[in-house]
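Right, one structure below, let's go through it.
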Amino acid sequence: MGPMGPGNEYAPEYRLGRRAVLSMSASAAAVALAGRAAAAPANTLVWDIAAGPQYVDPVMGTAAQANVMVVQNVYERLVWYDGASETPIPWLAKSWKVEDNGQRYVFELLQGIKFQDGTEFNAQAVKFSFDRAALMDDPTGIGSFFPTGTAAPGILKGAWEFSKSFGAGKDYSQSAVDAYMSAGGVKVLGPYTVEFNLAQPYASFISDIATFMGSIVSPSYVTAHWKRPTDGHGFINGATAGARDDWMLYHACGTGPYELATFDKATANIVLRANAKYWGGPQGKIKPKLQTVIVRTTLDQATRLLDLKAGAVDIADVSTAAIFDVIDKNKWLNDSKIEPIIAGVSVPGPFPWLTIYFAKMNEKIQNPDGSPAAFQPFADNRVRKAFAEVLNSTDVRRNVFNGFAEPITWGLTPAQFGYDPKLTKSYSYNPAEAKQLLLEAGKDLGFSADHPKGMDIIYNAAAPWQGYIATQVAANINGLNIGLQMNVKALSFTEYVNSWRSKLTGFSIHSTFSLTPDPNSWLSAFGTGAGFWARTSSYDNSKADALYTQQFQALDPKQRAALIAQMMQLVNDDMDWVWIGAATAYGQPTFNPNVLRSSVKGFYYNPTYQGFYFAALWKE
Amino acid sequence: MTWMRRNKLAVAGLLIFAAILLMGAIAPYAISAAVVRNVQFANKLTAPDGAHWFGTDDYGRDLFSMVLLAANLDLRAALSVVAAAAAIGIVMGALAGFIDRLDEPLMRVTDIFLSIPSLVLAMAIASVLGRSIQNLSIALVIVSWPIYCRLMRGQVLTEKRKPYVRALTTLGVGHMRMIFRHIIPNTLAPVVARAPADVGLILITMAALSYIGFGPGPYVPEWGSLVAAGQAYIFQAPWLVIFPGAAIFLTSLSLNLVGDWARDAFDPRLRT
Amino acid sequence: MNDRPAVLEIEGLNVELSISGRWVPALNQVNLAIHRGEALGLIGESGSGKSLTALSVPGLLPANARVTGGSIRLMGEELLGKTEQELNKLRSRSVALVFQNPTSYLNPVLTIGQQIAEIFEVSPELLGPARMSRREQRRLAREKAVEYLRLVKTPDPERIVRQYPFELSGGMQQRTVIAMGLVRRPHLVIADEITTALDVTVQAQILALLAELRRSIDMTLLLITHDMGIIAQLADSVAVMYSGSVIEYADARSLFRTPKHPYAKALLEAVPTLQSGDTIFRPIPGGIPAITDPPPGCRYHPRCSHAFAPCSVTVPAPVLPEAGRVVACHLYSAAS
Amino acid sequence: MGFLAYVIKRLLLLGLVLLGVSIVVFFLLRGMPGVDPLAAYITPGLPISHDALNSLRKELHLEQPLPVQYYFYMAGLLHGDWGYSRTATQNVLPALLERLPATIELAVAAVLLSVLLGVPAGVIAALRKDRAADLAVRVVSITGISFPVFWLGIILQLVFFYYLGQLGLPHLPARGRVDELVALEYPLQPITGFYLIDGLVEGNMPFFLSALAHLVLPAFALSLISMASVVRIMRASMLEVLRQDYILLARSKGLPARVVVIRHALRNAITPVLTTAGTTLGILLGGAVVVETVFSWPGVGQLAAQGILNDDSVLVVGFTLFVAAMMVIVNLAVDVLYAIVDPRVRY
């Protein structure tokens, strides 16, 4: 056979036929042409949102803010806001009277309004909507009608006893349902008259039912898709106690200017269609001009920016961190003027908004087994003041939030009732004074430059802005070299929450958003011993608790404001909270500021709105 | 040096990798670790200039030093992961191949791990263990050793049938000595040939894990988290994506070029 | 030679091989001729260039080989210098190759029928003059395949046509390859060691088949082997190759009775025959020279018992010591 | 041993592998030291009372020893109860099944692309061994896998969507599975969940073309991950097949070069590419998590990525088991396909 052997290297002249190459490039071009992103027609609005809605049933909780944006455009309420004004006016109701020292409200309803399924809006629909919310008792929702965390007796008569507001041993039997219904929280007095009986006087009742919590659903639509429970839960016709309504999670039928056309669970995209038979609102002047609104969930930040720059969308969420891709950095930071650097785009704001950033110090740090930790630095108010004085809120507002945050005197934002600019804080950025305080405190607490103590600052790895602040505080404290060696730890969201919720950590950074301009949720959370944030910082001031309950029931706004101011000053003096700032980038309903194409007209700011009110918008 | 001329790609790859390895090695000495903690928000995301050759990152730190320090960390992590995975894989593969009793069980175990994509299993492990380079490395070793085990087993099965092995057994050489003294040295080459490309793959996987949220936090200079952070500022500060991204790209490209040559050089079928 | 028209004429063929970057002569001045119906045996030890010569005819030399001189004429038509397309046409019609190890020459994933029928795709005229539809062509091709499988004496050809190569025995596979060659009714069949891989009984059947085919279809055969027995049984004339050159050519009977070149003699004596009564083999001392550094002069001289002065200096030119005989050896050139 | 027995043996083997995967996954969820398994089941930001915690602990059998827990865990799995995912606000299995068609369509398109581009490239590289074309093919395919995938995604979006769009040229969409406007005007009744197939079956061309255009960039980005291995395997396999004797015989029949390369060489050389299709899909499913996030592709990958950001390990671990099950099914399918293509395996 010889060394060569018949099997050998084989290299024929083999070239892709010219025909093959031509046909491949032709088909590629065809696909590209078909895929041209048609610019949205004039009466259609396309919005790239950072986090889409998870479900749209108004009684459910609001883990994703986008849920309430949909609710706002599809459902309506007995009272709502006229344009930019912040005082509620009668909407679905003609008028209302307050009796029995603020514990009874009677509403006269408008007649002739139809739901999107054609059925009549009446008192029975109002009663059904509120009873349904109370009975379904979603833990994240408004089960005890309303504010979470209030002690008994709750608001709506019978609601607290039914839901025991997150207490143990929930009883969803038929007898518990009947007990609630007979308590008469909501009563139909006539076909277009409905009465609310409250367990205690409640100053914010009107402003609360003006939010998504007061949405009126069409009883016939809900009942048509409701199935009688087989697991022994009590029920009324159309609503099962203590259970979710799987149909209403992804469908909606209200009286609002827009109908929910499609809700795609996989993409979390929704499409709203204008309600042709919309009754026009109280003054009959609302006519939805945008025929179709498409909300597309786009996780990737850079893709949203690309869509905006390419003109493929009308509104895009841009994170505050990347805002300088859209507006000029120096003009904004130095002369606080918003000047877009992308053609044909506008950035609404800055507006006071319903998100605040703060740090908290836990006076009684615990070990994982619940026993108090040996080293309790934050029990000493000198240490609390020192830590408050090394957190440079001004620098953070400017460089971390890119200037889209304003100083606040308490855990409220200027957009909320009861905010008091004149309130005094007993700390300001002053590292020198902090050093003295820590040197003194070190003598009692046993730390000094030569035998230092280690301390951790934790933050949520999914929120880089918290990392920024944590690193700044750690760097400043370490810079003082007074014997406290700070270390920054990025934790997963679960570990981060578990550690501050079970009081394992001393110093931690947070943000929180409110869905209603009413101050109650934050007043109770920060000011009352049982409050959500106070509980985890072992903060309890009985005088503050008392003031909270008084303002809760004070019907006269001026008197209520004075009580709130007194309470806030009291809490500030205890120095458990470091108020960093309130967000001012207009980014409802997501954290990321919305950037609009200039062709989108009719936008106005109202802090009570949960995201855009599409009926007011149009495109040129 | 006809070898050099014929394998231009592999040589280029080797040179680039050597340069990066060198920079990574000297980084901790040339640059103080304090840079990582030297946070100044005031001048974050400034453009490359005289003071900062690569500009600054989103914490206001000098990007050039971060990239160099990251080179040290990422390469050490990637190299140790592949080394550990290869070591485990080779030993297990040799045992599986040589001792018939162990073959079936070990192969089923590798099947289990091979039927879960490495990025997915690494994600699951890191999501439970939590974010840190150590956890990421553990996860990546767990997902990488089976490939080496499978490859090694194949080699050992063919090697076992060679006459010299039968001869040695008749001379009374025990299993362990046979495997470690004779079998492994002779079958190591094609298995190790995979290593360079796998180091490149690990770098890419670590970057992907950072992008989807497993970055190890601000105080750990790591290419993946730098690029992932930079992704949000693609128009405003493109250098934050370009430089660390280029570092990952160049390193994995060079490793893949060397890996491609190594795989062909040791692939028995391609011996021409 | 003989009076019938020449089918294949190779004159002064020089082929070089590139081994680790250097071009080395592998065939030097090879001369051969085969006439219609004749069977020329090409014999020599392995590495003598037999297969290389065979492959150069249809232009199937390996990529590391190149022809540097001489001419190959098939039916009078010069082949060297033809383009790939022209050679392809020639391969599909006039030259058929059959190789040693049939299993490796059949495509494992195609049926036997497919591998025979595809020849008709290239040369439809073999099926008959009329133009026909593709379906018609495929049916006729299948019939032709069965016909030629029967010609090469395969049992039950209808079944074999549908089978895959690995389902057949070695002998059956070799018959299929032969059928593949014959289907083209080639002018020349080149059989390169086609029986070496088969066991003796099957070898005999294949040789008998070849002998019968020579008679029945007047087949012209170039038979390449290292086995003198096969030459004796089949070949009309013989060319003996050594290290890239033809060192002797003669009709079979004269070569066996009166070999002239010392190497040819040594080859014949190496095989004990009943007449010679030898009980032991007498191997030829030394080994085949490596073509990368061949001995000077006549390449056989280091192993030649008759070597004298000129042998290690000049390459002996081929001479005709008598009619019909050629030999390239100094014993016969200058002196005689 | 007959084709059916071969498949059954493979089924049993792969069933065993699935059982092994479920043990690994269970250990991840419950057995990891220092990790409270209950943490995965409660929504962090939500106030929850101790009694509710205890009832949940009892419901999940967390106090019982691990093997007992595993029994209940497996019983749950087999009944389709893979736990509730707060990211998808629905049970894990239905959430994954609902998003599965999108991922399969993307992965299949990516595999097809990597084969359609990889195989010819591998063949050409083999035919032109060590010459310009061979070097070019290898450099391009190696560059493909050296890019961090999300980086590649952004660059593709920048070039083929943004810059082309700015120049007014025809460009490819950069996000989502179909153009929402087209989907509104020409709604599609989902049958199989695969947009391309449903679009064709219903003859809804605008929807089909838009879905096809949306598939191009993500599928290409995903295909690059496996392209390099397809090219390398194809090249090595092609080189080996070209050295086989039956190729010489085919040439000796005077067959045109195209027939020799495709019918004889390619047909034999392609099988190794097939057998690695299983692992190729594995690599792609891993890559899908990133590609789907970059291109807002509503598949199981993007859901898993959201699960990670949301620290929803019930979902992430469920996703791991789901992907493993898919891999097992694909490997079986590939083995069956291999038996069909290469007759030798069948007997």
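We just call them A, B, C and D in the order they show up, numbering each chain from 1.
Note that contacts are C-beta pairs under 8 Å (C-beta built on N, C-alpha and C of every residue); 3 or more make two chains touch, one makes a residue touch a chain.
Bear in mind the structure is a predicted one, so any value in this text is a computation, not a measurement.
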Counting C-beta pairs in contact, which comes out ahead: C-D or A-D?
A-D
Using C-alpha centroids, which chain lies at the maximum separation from chain B?
C
Centroid distance [mean C-alpha coordinates] between chain D and chain A, Å
36
Averaged over CA atoms, how far is the centre of chain C from the centre of chain D? Could you give it in whole Å?
54
I'd like the Å distance between the centres of chain A and chain C, where a centre is the mean of that chain's Cα atoms.
89
Let me have the rounded angstrom distance from the C-alpha centre of chain B over to the C-alpha centre of chain D, please.
23
Two-or-more-chain contact residues of chain C, please, as numbers and ranges.
60, 84, 99, 104
Would you give the residues of chain B that are in contact with at least 2 other chains, written as numbers and ranges?
127, 213, 231, 234
Among chain A residues, those touching two or more other chains are 6-13, 300, 302, 309, 462, 492, 495
Where on chain D does chain C make contact in their complex?
244-246, 248-257, 259, 263-264, 267-268, 341-344
Sites on chain D touched by chain A in the complex:
36, 39-40, 43-52, 86, 88-90, 95, 98-99, 102, 120, 124, 127-129, 153-154, 157-158, 161-162, 165-166, 170-177, 179-182, 184, 209-210, 212-214, 216, 242-245, 247-248, 251, 257-258, 260-261, 293-296, 298, 302, 305-306, 309-311, 313
Counting only contacts in the complex, chain B reaches chain D at residues 6, 8-9, 108-109, 111-121, 123-125, 127-129, 200-201, 204-205, 207-208, 211-214, 224, 227-228, 231, 234, 241, 245, 248-249, 252-253, 256-257, 260, 263-264, 267, 269-270, 272
Name, in rising order, each residue of chain A that touches chain D in their complex.
6-14, 16, 29, 31-38, 40-41, 44, 46, 54-55, 63, 139-140, 148-149, 166-169, 249, 261, 264-269, 271, 292, 294, 296-300, 302-303, 306-307, 309-312, 462, 492-498, 501, 532
Interface residues, chain B side, partner chain A - complex
37-39, 41-42, 44-45, 58-59, 127, 130-131, 213, 215-219, 229, 231-236
